[in-house]
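What follows is a group of structures, each given as structure tokens.
In the two assemblies presented below, chain A is common to both, partnered first by chain B and then by chain C.
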Partner chain A sequence: MEVGHLSDRTKIFLLLLPAMFIIVVLFFGGLMIGLMRSFNYMPVIGLTEPDLSAYISVFTDREFYLSFLLTFHIAFTSTVISSILAIGAALLLRRSFVGRSIVNFLFQLNLTVPHLVGAIGMLYLFSQSGSFARLAHEFGMIARPSDFPALVFDPYAIGIILQYVWKEIPFIGVIVLANMQSIGEDYESVARSLGASKWQTFRYVLLPLIFPGVLSASVMVFAFTFGAYEIPAILGANFPAALPVLAYRKYTDVDLAARPEAMAMAIVIALLSAVMIYFYVRYSRRRIRG
Partner chain B sequence: MTHVSIKELTKVYPGATTPSLDRLSLEIPTGELTALLGPSGCGKTTTMKMIAGLLEPTSGDVTFDGRSVLRDKPEDRGVVMVFQNYLLFPYMSVADNVGFGLKMRKKDPAEIKRRVGEMLELVKLPDLGDRKPSALSGGQQQRVALARALIVQPNVLLLDEPLSNLDAHLRFEMRDLIRSLQQEMGITTIFVTHDQEEAVVLADRVALILDGQMKQYDRADVFYKRPIDEATARFFGGHNFIPGTSDGHVFDCALGKLSLPEGATTGAGKLTFRPENVRIGAGPDAQNALTSTIAEVIYLGTQTRLKLRVGETEVDAVVNPNEIESYAVGDTLPIHLPSATLWVI
Partner chain C sequence: MSTAESIPMRSFRVLTGVVLITWLVLPLIPLAIWSFARGWFYPDLLPKTWTLRAWEYAMSDTAGVLDSLWLTIGISLAATVLSILVGVPAGRALGMYKFRGKEIVELMILAPTIVPGIAVVLGIHSVFISMGLNNTVWGVILVHLIPTLPYMVLVMSGIFANYDPAFEAQARSLGASPLKTFWYVTLPAIRPGIIVGGLFAFLVSWSQYILTLLIGGGRVETLPLLLFNFATAGRNDITGAIGMIYILPGIIILLLTAKHLSGRSGAVGGFGQI
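On to the complex of A and B.
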């Protein structure tokens, strides 16, 4: 076939087709099925009257609110801490110094480590029967290993946040570093020569310039940490559990009636993270560049 | 009101074997407009950054009114640098860009607003304060960058290739603006450029830097009339270099014996004269008159470039296209070289 006869528009459409197919069928298809089930609508097993009972039971359950607060705390704290540390790391790494390429390599190394592996590492190191607890006991800093502060399965989700921070710093850092390198240092030179101090130059010039990169990276991190299941499942306390863990529990409940509730919860998680990201983007844009 | 003096300034970048700038010394009197002229990579921008405090010299000193400023932070030097690509902060409005330096000095917002207004008036952009830099033309961006620099009333203003990104007609407009603002405010100004025309058009004095070293530091016209050596003359568009010997009054070479102006050097050297100083005709007293043959004609609109042959020697000339009826290859053309326009290097 002579491709040259096709209009540009047709060509673009054909090229996008495979990707569009996956998005439409898998993503929207899954979303539609989930949505239908969350409304108790499932003609296959005779449920043809949609209702809101699953949503009502989600929103009347106290555990849901506690889980939401915990999940928000995990996502927000991890995003803020890893963004700040990543910007700091990028500021150091963009300078030239001896051994820079080695440090750079080490900095990015854990991008290749799966979350799950990292979480198990955390468990080995930080649990009350883990390496640090034993070391502390060995050196007489604590009487029993179980006196070690609870950093995993703890109510403040410190273990989960540590794991996310450890994993996301290089992710945000690499994006911010690339951003800084493409911007160069001339804008900062201008600011310095116009009388800005080092801090003012960072606050009023570099930060606004790298802001789009930081924003998109941190939105990705927030959305991921808000909706991820495996880390809170491994490192989190039993009650309250993070929202995705709660949803999965409902889904695998022996009582099949809990499934619509699981679906409703998943839909709520998606909506909540969309709403929070919207407000985050709006607020921070005004704050940094305004 | 600052007398800038640069003493033996040297910069060797880490890992480099040859210095980017080799013992440059320069005195820039208060309120003067000086050009640092040289090809790209000759150390001009390096020099500016060291004056501004954005780069540390390997050795040497920079003093303002006799006091070394090397230990002063860039923001404390009273030096503002305007970069070649303007570097307006893209996320700020024009007014916020201009007011940036005052905001960093924590001036009162009402005062900032008033002075930004005055400054935009001065650079003839009074109504563009609310625009984003991306909505401005190159010439407008340049003027905003200038306003942003001048608003902090610097002692020393540094300009990096201030005219090179502008169209021909904007160049003269910007030249007049820079000159008038600079004279009005009396700011000692240094600019760098690789373009000899830009240097001549704008500067009181020109420092020519070749290969990291200063060749000549003089008023602009001297570079045309009395270049210090062949490289300098070539940089300024010189083409004619004829070897021979001088006795101080007469230069003996392949063109014959030509009389020299007062003060010419003696001994073996090269005779140089600018193509535009080659005159057609034998001249009033037949002094330095030669007979040439036209070897090549290049018509350039407002002028015509000729390659002439005098015996075996080639002479480049630039003449008025309408001075004679026509120029044709192979024609014989009488010329003369006024002795005041000759120089021995």
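On to the complex of A and C.
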């Protein structure tokens, strides 16, 4: 118990041990088992010869490509739209105006509302018998629900993207706003006094300064939107389904032979998030230290 | 000239502010209305009959909503307490010491905050089956540690980076035991970090869906699972009531911690998971 007599190395080791144990066993263990099973390799249950059959059937399946493209489209479009609007919102919140404290409060409120609740809200707003369809009917724009454009369960995943934009503007927004506040306005004043226009000041002074913060937040958003299950499960079309939904379906298929295929899809998602981690670490090393 | 420019500019700000406010509250409005509605059919803009039936159902002992609520609170509390117990020491190591391999340790702790749950949970599930942990509350609590623990460690390492261990040395030299030193010196100094990190770890666990669904096997029915089931079954009124109950802890935590929620705090990163 005499902690003071331990060397620093022992102390660090003991302090980190429980957390590293949990992360290595649960997180990396889960990844490793998934990887092994995706190769049909599991000595414990007698599978001793790894093969590529799961990957072959995944990569020769048209549904997988459609699903991958859809998921990439969802993640990419949501991330780009959210980032741009979040920068706009942060610029707005930087100055005082009537209602700023309300926007601030709602920003924080939305951070605490789970994605699932937002997804159900979007369903009630944008489905063909939802609030907007009813409004359109009220103004005589549509006669029956099927006249209203399909914004949920639709092939372009508009409902899903709307939900992510709703949820991620505040997330990226608070990070960008804090970034702007710690940078201050001195650099911009100098640029303005040297004759730069408002746009030039934003484009060549402020944007490069906040860019690393925007990028690290965007990377988190991209990885999340690529791997989330419940939002496309509520708002998405049946075919093609988003990759996490497809992986879950394969995993829970009555045909147990589909499980290695589900694992292979999980590995595809993990590889893509590994690329995201690379970008995150590259642009946000200092954020990790708090 | 500058005043002529600033009036349209100001009204533009107010206008975009109004649009933003509307957009931010919009999805919650039909949920709230549905919880008090009965047979709210197309094309009615508002329900014809208002009723408390969905709330009575949700609050009744037989519906299982309250059981699910207590279960969810229990799981999130347990995941939070475990995250604090394990995360505080790790945060101390990362915040106060420089050592070889530190970058790799940080990377390993950071990874679960970016890699989606579905990518790891399928592998965990097939191991938990053989350990008898699937379909159990303990299995669900354990798997919730994957998103909550990294987050707690990151918050605590930020706290310990600004912490002066000299006070501990003084207490020790005055004869305090290690336990007393921790209780009377260390804990008060790091308590704000533990509270904020703990509250947000609670919210991260509170919002988990796919981890609970797979490891709980549908038997551990937390509030988000119940909400999903009612939503996909088309019971909009009960979905509305459960949805309102489900977002309540977040609002309470927000009111308790509003001042910590600026993006400058490392805590905000955890919201990527909710």
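The rule we apply is simple: the second predicted complex is superposed on the first by the 267 of 290 C-alpha atoms of A that agree within 3 Å, B and C clash if a C-alpha of one lies under 4 Å from a C-alpha of the other, contacts with A are read in each partner's own complex, and residues count from 1 in each chain.
The working rule: contacts are C-beta pairs under 8 Å (C-beta built on N, C-alpha and C of every residue); 3 or more make two chains touch, one makes a residue touch a chain.
The structure displayed is predicted, hence computed values, not measured ones.
After superposition onto chain A, partners chain B and chain C are found to sit side by side with no clash. For chain A, the partner touching the most residues, choosing from chain B and chain C, is C. When both complexes are overlaid on chain A, the residue A:200 reaches chain B alone and has no touch with chain C. Contacts of A:192 after superposition on the shared chain: chain B is touched, whereas chain C is not. Computed from Cα centres after superposition, the angle at chain A between chain B and chain C reads 80 degrees (steps of 10).
By the touch criterion defined above, A:209 lies against chain B but remains apart from chain C after alignment on the C-alpha atoms of chain A.
Nowhere in the superposition do the C-alpha atoms of chain B and chain C come closer than 6 Å.
Residues 289 of chain A touch chain B in one complex and chain C in the other. Every residue of chain A that touches chain B in the complex is listed here, in rising order: 96, 186-187, 189-197, 200, 204-205, 208-209, 211, 289. Partner chain A is touched in their complex by these residues of chain C: 10, 13-14, 16-18, 20-21, 23-31, 34, 41-45, 85-87, 89-90, 92-95, 97, 99, 105-127, 130, 142-143, 145-146, 149-150, 153-155, 157-159, 161, 172, 178, 203, 206-207, 209-210, 213-214, 224, 227-228, 231-232, 236, 239, 243, 246-247, 250-251, 253-254, 258, 261-264, 266, 268-269, 271-274.
Those residues of chain A whose C-beta lies close enough to touch chain C in the complex are 1-4, 8-9, 11-12, 14-16, 18-20, 22-24, 26-35, 37, 44, 88-89, 92, 95, 97-100, 102-103, 105-118, 120-125, 129-131, 133-135, 137-138, 145, 163, 166, 169-171, 174-179, 181-182, 217, 219-221, 223-224, 226-230, 233-234, 244, 247-248, 251, 259, 262-263, 266-267, 269-270, 273-274, 276-277, 280-281, 287-290. Of all the residues in chain B, the ones that touch chain A in their complex are 14, 49, 52-54, 73-75, 79-81, 83, 85, 87, 89-91, 100-101, 103-105, 148-149, 152, 158.
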